[in-house]
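Presented below are the structures under discussion, each in the form of structure tokens.
Shared between the two complexes below is chain A, which has chain B as its partner in the first and chain C in the second.
For the complex of A and B:
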């Protein structure tokens, strides 16, 4: 793939990653949050696929397929089963309201653009110019992680950070070496499985819970 | 062949443990397996001291003096932890707190954990090293939650969330280093040549060779992310908050492994990246970062230790203090400083492992981790109390233990490079911690009126490994001979 088609496709997919990140901050309904995460995983897979087509890189194409399946389908499915239905599926009164958190999101995106000046200066091309989106996604994930109290929201925050890092890796280096990329993807999948198991064990022993109730350990 | 054996021995022992229900001989098997790792590590150290690095598996594994030193440290602590693990699991099963299947799972996970750490220090590719460090988080999460109490589950949740975030930042840093290596300054892309887009570019040797041509702007961002990211796993401020919970809730042998070696395996990763970043940026940048996180950790440890009422949490905050000291030592960065840092890694590993294992035994016999409720150990349980007392003395950096020598050398090195003010602040923090720990230790060992019960004999299964750990720690403080050449060679790997 080359020419304007490549630039448009890449811009569109990377933009979708960022929009999905903002949606996770906007919506309080956990099912909607997980759906946004799933769309983000698919958009990430598309970014990798577009880059693979542009560079005629078969290995990267395989990675793109794996990312799409793992982050777009498998991980969101694991989370959806954890959310379930009923009253527990909404994020409660958060420490920051929706409009304030959207303002913070805008500020974080500006910060990401400022911070990545050095990266775009080293290799100014289409892909590198999109890296601020990856850093912005990392920052949004951080923000979600520190302001939300539900177990599922925290997992979503962690995955947002991971998607942001993966986006930077694809855009800057067309994927770190194949074996490392595979190992990293496998690791994050295992982390989600472990978190899923932990969350349901905690659900069994403690009943439906907010992480706010976890106050046994403090100084 | 040697490297291959080192990585596979604990894994095989773990697999055997996984297929048979737990029994005493399985515990002995893993102990012997980890002892074998230690012996092979010593052989490896002898073969890499002042000699070229050894490679294996088409260059995927690589051992230089620094890696072999870390293999020796991991082997030592794993041996102690497995040895004490026999007692720990035996008591758990006897009291029906866990079943034999559960114990088998525990043994498997511990051995997988050890294998991951060995892979991390032997990987030649810094990306593969990252994968191995991340894998340790996954293996240890279930071990932290082994007791399945509310507190243990809470601790493992905090642990995996915070450490995964940290390690994701470290991955971002690794990606940026890779990006910088793909586009070196002043050489065009031809410099990396045939290796570009191959696994070669994240290799330690090629990164070190190219370090002077890496873009400083990108490397600044990368090093900041790496210090924050791997610093999370090291337990350095500001991402330390998982550490006291995880270390106090995990079973004692797991706490010993996590505190004694896992923290320093993550620090080993930082030492490698620091060498690369220093090539690109000069020593000043990473020195500033390490001084900030090092002093931050010392201040956190000193201020929070004062309020501790729990002896396992006290030990955990003590780990944050020692990681801060190591970060300051690494900030100095001379070969004297790095040799002292490495000796401190070994000394802290030994002393902390002995103390955590002893605290596990105290928990077994006393049933509580509160300092208030465990007075006068020395008169009631002389051997156990003695081990705990000498362990505290070692950890506080008193002679003859090796931590005294390494702390002294780190301070000397810091003063030599103009960090005297940081060394001064660290000494003040250490003095505060010394006073607090002495007060707690005095109550634990001597305080209160001893109860009516007569002194109880501590089983040899506990006392032999712990006493030998303390003797080793003291020996390394007095004798320079077997270790000094290895330490110097290992320091020269990361100091040009």
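For the complex of A and C:
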């Protein structure tokens, strides 16, 4: 793939990654948040696929497929089972209101674009131009981790950070070697599985997991 | 583009602006009728014919004018300010043609502030009679407007960053010259932000429910509660014109194909048909969205509008970076 079609496709997919990041902050419904994360994973896979098609890189194509399946389907499915069905368990609790967090999100995105200006100036091409989106996604993930109180939201924040890092890796270096990417992806998958099991056990023994109510440690 | 602008005479520009005005004055109420019809069909009813709003206007115009006791001239003037500002905005904007009258002054700020003037006039009218509902409606409408107007400005600003000008006819002409822009991420973001603002500005469902007078939730209906007869007809017409205008502006800015770039009568006819088709498609989409969604709680409306604002900001940032 080359020419304007490549540029448009890359712009659109990277834009979708950023918009999905914003939607995770926008929606209160935890299931909608997880769906946004799923769409972000798919968009990330598409970014990798477009880059692979542009560079005729089979290894990157394989990674794109793996990313799409792992981050777009498997991890969100695990998280969705964690959201639960009890009353009040679907609403994500935030320590600042949604309007304020959206304004902060806009500010973080602008900061990301300003901060990575020097980075993109090093090698001005289409892919490098989009690295601010990766940085913005990382910042949004940190912000989600800091302000949300439900365990599911925090896992989503963690995964947002991972997606941002992966996006920067794809855009700057056209993907890390296959084996490293495999390791990183499996690592994240393992983390989510462990968190899921841990959260379920906590839920069974302690009830709902609002982190603000966690005042002391038990042994 | 500059060539077409200079070769278009003043007379032709005036004719085309009049065509735009007539189209929106008649088409605005019909768009309302179409949206009501789509809603009725989706709910399994037959619904009123699409020209029902026009009939309602005619009925209201024949009634006796009544003013609330103790009301001042503001109540009498506001409907005309609402319709007048909407009419000026329609006449100078590129809806049917890229060369309307006063095309050089048709800046995005001018058009947004004309709309704002109409909103302010209506809010003052709501306060004028001194009733509890009127004041409540005005306060709510201003709260929503204060959040929606910046989002509208920034959404159009995203397009003007891309086109390198804040003049609306030039933005449309630049989009015609670069068809690949229409599918770019900044355009999609700006379009979604624009639609959210249209829903808020025209009091459609996630923000306000135009078909109820429930005091807990009404916004626009509370403001115009004191109006009756011909003045109510003018206010309703003004609101319909604003809806028609915003939808037409969305169609022209984001999907400008079919718009007349010359004064050829055949081109003009094609432009009128194309604009009608685009607006009806967008209106049907909005109506279907309305059927699917429930009205938001009043305190959640700012979240929706801030979301629209952030999308618009994202659109500008993306536009600046991918240039």
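Brief remarks on what is shown
What we mean here is this: the second predicted complex is superposed on the first by the 210 of 219 C-alpha atoms of A that agree within 3 Å, B and C clash if a C-alpha of one lies under 4 Å from a C-alpha of the other, contacts with A are read in each partner's own complex, and residues count from 1 in each chain.
Rule of thumb we're sticking to: a contact is a pair of C-beta atoms (placed from the backbone, for glycine too) under 8 Å apart; a residue touches a chain by one contact, two chains touch by 3 or more.
Because the structure is a prediction, the values reported are computed rather than measured.
Because the two structures share chain A, they can be overlaid on it, and in that overlay chain B and chain C fit beside each other without clashing.
Which of chain B and chain C touches more residues of chain A is settled by the count: it is B. Of the two partner chains placed around the shared chain by superposition, chain B is the only one that A:162 touches, whereas chain C remains out of contact. Within the superposed three-chain model, A:198 lies in touch with chain B and out of touch with chain C [touch as defined at top]. When both complexes are overlaid on chain A, the residue A:173 reaches chain B alone and has no touch with chain C. In the superposition on chain A, A:58 makes contact with neither chain B nor chain C. Residue contacts after overlaying the shared chain place A:154 against chain B, while chain C stays out of touching range. In the superposition on chain A, contact of A:129 is made with chain C only, not with chain B. Aligning the two complexes via chain A yields an angle of 150° at the C-alpha centre of chain A, spanning the centres of chain B and chain C, rounded to a multiple of 10. This overlay, made by fitting chain A, leaves chain B and chain C with a least C-alpha separation of 19 Å.
According to the touch criterion, chain A has no shared surface contacted by chain B in one complex and chain C in the other.
Interface residues of chain B, counted against chain A in their complex, comprise 125, 127-128, 130-131, 134-135, 137-138, 141-142, 145, 148, 150-151, 153-158, 160-161, 164-165, 168-169, 171-172, 174-176, 178-180, 182-183, 197-199, 201-202, 215, 217-218, 220-221, 244-245, 248-249, 304, 307-308.
Residues 57, 115, 118-119, 121-123, 138, 142, 145, 151, 154, 158, 161-162, 164-165, 168-169, 172-174, 176-180, 183-184, 187-188, 190-191, 194-195, 198-199, 201-202, 205-206, 211, 214, 216-217, 219 of chain A are the ones touching chain B in the complex. By the touch rule above, chain A contacts chain C in their complex via residues 4, 8, 11-12, 14-16, 18-19, 22, 26, 97-99, 102-103, 105-106, 109-110, 113, 129-130, 132.
By the touch criterion given at the top, residues 180, 183-186, 188-189, 302-303, 306-307, 309-311, 313-314, 317-318, 320-322 of chain C touch chain A in their complex.
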